[in-house]
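Two complexes are shown next, each including subunit A; its partner changes from subunit B in the first to subunit C in the second.
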Partner chain A sequence: MNAAYEFVTGPLAWAAWGIFLLGSAWRLYSMYQLAKKKDASSMAFMDWGFSLRSIVNWLIPFNALGWRKNPAMTVATFVFHICLILTPIFLVGHVMLWDQFFGISYATLPDNVADIMTLVVIGACLYFAGRRIMQPEVRYITTGQDWLALTIVLAPFLTGFLAYHQALNYDLMIILHVVAGEIMLAAIPFTRLSHMVFAAFTRAYMGSEFGGVRHAQDW
Partner chain B sequence: MGIAERLIEDVGLRRGVSKLTPEKIEKIVSAVITGETGARLKAYAETCMRCGLCAEACHFALSHPDDPSFTPAGKVHQTMGVLLRTGGKVDPEFIYGMAQLAYTECNLCRRCVHFCPIGVDTAYIISTVRRICHKLGVTPQYIQDTAHSHSATSNQMWVKDDEWTDSLMWQEDEAREEFPGLRIPLDKEGADIYYSVIAPEPKFRTQLIYQAAAILHAAGADWTMPSEPGWDNSDMCMFTGDFEMMGRLKRRHFESAQKLKVKRIVMGECGHAFRSVYDVGNRWLGWRWHPVPVIHAVEFYWELIQEGRIKLAKKFPGPVTIQDPCNIVRGRGLQDKLREVTRFLVEGDIIEMRPNKQHNFCCAAGGGVINCGPPFKNQRVAGNEIKAQQLAATAEKGVKTVITPCHNCHGGLHDIIHHHKLGMELKFLSDIIYECMEKPEA
Partner chain C sequence: MNRTFPLLLAAALILAFAQGALSQQDMKTLAPAAYGKLTRPAAQFNHDQHNEKAKLEECVACHHGGKDGKQDKSASTEGTPCADCHKLKTGGKGTALTKAYHKQCIGCHQAKGKGPVACGQCHKR
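Now for the complex of A and B:
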């Protein structure tokens, strides 16, 4: 078990972070090259001010028409993303790893708060899954890719929760948790999770078109 | 559920599909996707999270609440989604449904933009599907006829060159009974205003040219209309996916204005033509902005009113409601000017449809959908039950007049009002200005 733990927190972690960071950079770079080559009539209208205007307006809950018309989904989406990003970054156990390996230390979330935030992520994943099964308009467009993305995100939080509460076999669970987290990182550039990399740009483009050309709101 | 279960017979689609082979389909799909699209389509296809929020956006989806195949993402899923997944390995019958969906069940109105957190542009995706259909030769008969007319005559309605000038001189002649000093100046070099219209105006709404001439005359405008092709600002080729023809049409329009050395182009009350001249055609030609400034009639009337150049003898009796045309509201942000012009013209309330302004529901006619003709009319009207409800709600509050500054909206709303027996009348702003303005010479 110890050797396995060493491996997943050592070489495998380097690999996962490497794939995540280099993969994302490569995807961004190649997408930018493609855009320059093939989408000049769109690129010409990119504008910082209107990009930010659009991004900010969409980051305010219940501001955009789409958010207002889907209140449950709005709440789920916002709390899901907030907890999804903050929990792993500020979890005591994770900060301790940064400290242990690199001597980096920073503020942490109290364990019980992180526990609740983990449950929020798990709950939101179940809600998204429920929508995919129960709501006809979501079921109709759901593909294997969407289930894959949801599973990849759910796994590290579920295993992390079980490990923290020492349910089942802790030693096994913590290894599964680390691997699940690494799979998530490595999957970001190459699955639907790539919206983490690209969404700011698609949003910015729409904002630029609506702001600069159409003189209308895009939210 | 899906397009395959609601196919409608159309001669153009059927003949086009009959000439297809799987090899040809695969070749053209791949030629368009690798040759003409890039990061935009790739990013949209990859990052659409299939969340379904856009279902609430689309009038077709809201009018068919039990059928998810009408939602924006559902429509992409059945068309571009399949092409990307299969690399274009689909059979000809699939292309029939794909074309019917792309041409007749999406108005490219971009209301779904307000619903997508990622910023996916469904109208762009469906336009690209249409582009593929065009290159496959699978287009609905009626709209293809107008595209043929564009190629042969540079106007949408097979108006012959002499018929065009005849129509203008006829309207001038008629108008001079009412306004003895009125002229429709042809080919006047250096005029302030180049007034352009869509070909359906000389073809069957000729009174709109009369009214425009009357307004320009009363306002003391320095204006002209061209005698030669280029006068038609409309563009069905943009909607069939014949972008090469779209480029030729827009070039001809702009060059016609440039040749006359006019200061700017004022366009009549049409939405799709504005989209083509203001937003789409210029880009295809590589112009970031327009070689000649372009302004829509709503904004032009607003300017005339600001400058005190339109004087009213009376006001138009309200209450009225306003149809916000997608292409000048989501396409140009003219919603407030439209209301200011309306307030200037109308006595009584403006009873708003909800939602309105840039969140308006489309008329279901635009985007070339009404131009696909009679075979698809019933589906189009049924696809906008939600607009019928909006209109009925204002009718209950006493609204008899719908101010509708767009030809396609007129067509779409006319069919909805007639079908639901709502008893409302549609007015262009120019109808009302002409009716209410001072006519000192008359």
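Now for the complex of A and C:
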């Protein structure tokens, strides 16, 4: 147990963070090169004002037409992303590890709040899965990549929930949880989770084209 | 009947004080009063059982001395509870109580390759 824990929280954690950070930088760089080569005209109409206008308007729930047309999805996606990002960063157990390994300490969420936020993430994953199966227009464009991304995100939250409540085999669950988190980090640049890195640029591209070329709003 | 009550009361009082005197030997968890309401379940720690299992003869192995944030591993402070020196929050120098526990317990377990290292292995529900 100790050797396994040491390995997953040591070398494997460094590898996961390395793949996440360097992989993301590389994906951004190669996408920029590709855009210059294949879509050179877009470079001309990229505009800070139109970009930020689009990003801000899409960040407000129910502001964009796309949000208003799918109220349930809008609520699910906003609470999902908020809980997905905040829970792991401000969880007591995780902050303890930052302190233990690097002497960094900061504010934490109460455990019962983090517990509910974890359930929100798990619930939202199930909602997204149900939507991919039940809604024909979504099912039509769903590929294996979508299921892969959904599974990779669900895993650390499900194992984290079970480890926190010490259900089933704790020693095994905590190792699985750490590994699941590391798989998620390392998968961000190379799966559909890459929208974490690209979303702002996608929005900026759309906003600039709608604002500068079509003279229309894109929300 | 009139005599039984004072006797029972006396017995109860003796037991209550004996409980306090025996508490160090009977120690099963690390949850000093300084914490107030606990964030996680109290860390499981049976003092005597642990030392027997870990073959610890020297009290100073854990009960170290030191001041101004510098540990002195030669000065034994046996009999002094951790929370007497390590406060919940430190004003700069010194190690805060939670960090002191984590550093001391996990640090040794990692060095020896034995004993709990992950949260739920000590903070059992």
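General remarks:
Note that the second predicted complex is superposed on the first by the 219 of 219 C-alpha atoms of A that agree within 3 Å, B and C clash if a C-alpha of one lies under 4 Å from a C-alpha of the other, contacts with A are read in each partner's own complex, and residues count from 1 in each chain.
FYI, contacts are C-beta pairs under 8 Å (C-beta built on N, C-alpha and C of every residue); 3 or more make two chains touch, one makes a residue touch a chain.
Given the structure is predicted, the values throughout are model-derived calculations rather than measurements.
Model built by superposing both complexes on subunit A: subunit B and subunit C fit together without a clash.
Applying the stated contact rule after C-alpha superposition, one finds that A:163 touches subunit C and leaves subunit B untouched.
Taking subunit A as the reference, the larger set of touched residues comes from B, when subunit B and subunit C are compared. Within the superposed three-chain model, A:111 lies in touch with subunit C and out of touch with subunit B [touch as defined at top]. In the superposition on chain A, A:99 contacts subunit C only, with no contact to subunit B. Of the two partner chains placed by the overlay, only subunit B lies in contact with A:136; subunit C stays clear of it. After overlaying the two complexes on the shared chain, residue contacts for A:5 are found with subunit C alone; subunit B is out of touch.
The superposed model places subunit B and subunit C at 170 degrees from each other around the C-alpha centre of subunit A, with the value given to the nearest 10. Distance between subunit B and subunit C in the overlay is 36 Å (nearest C-alpha pair, rounded to whole angstrom). Those residues of subunit A that touch subunit B in the shared complex are 31-32, 34-35, 37-39, 41-42, 44-45, 54, 58, 64-67, 69-70, 73, 77, 131-132, 135-143, 146, 149, 192, 194-195, 198-199, 201-207, 210, 213-219. If you check the complex, the residues on subunit A that touch subunit C are 1-3, 5-6, 92-93, 96, 99-100, 111, 163-166, 170-171, 174. If you check the complex, the residues on subunit C that touch subunit A are 39-40, 98-99, 102-103, 106, 109-110, 113-115, 117-121, 124-125.
Across the complex, subunit A is touched by residues 1, 36-40, 42-44, 46-47, 49-57, 61, 66, 68-69, 71, 73-74, 77, 113-121, 279, 283-284, 286, 288, 329-333, 355, 358-359 of subunit B.
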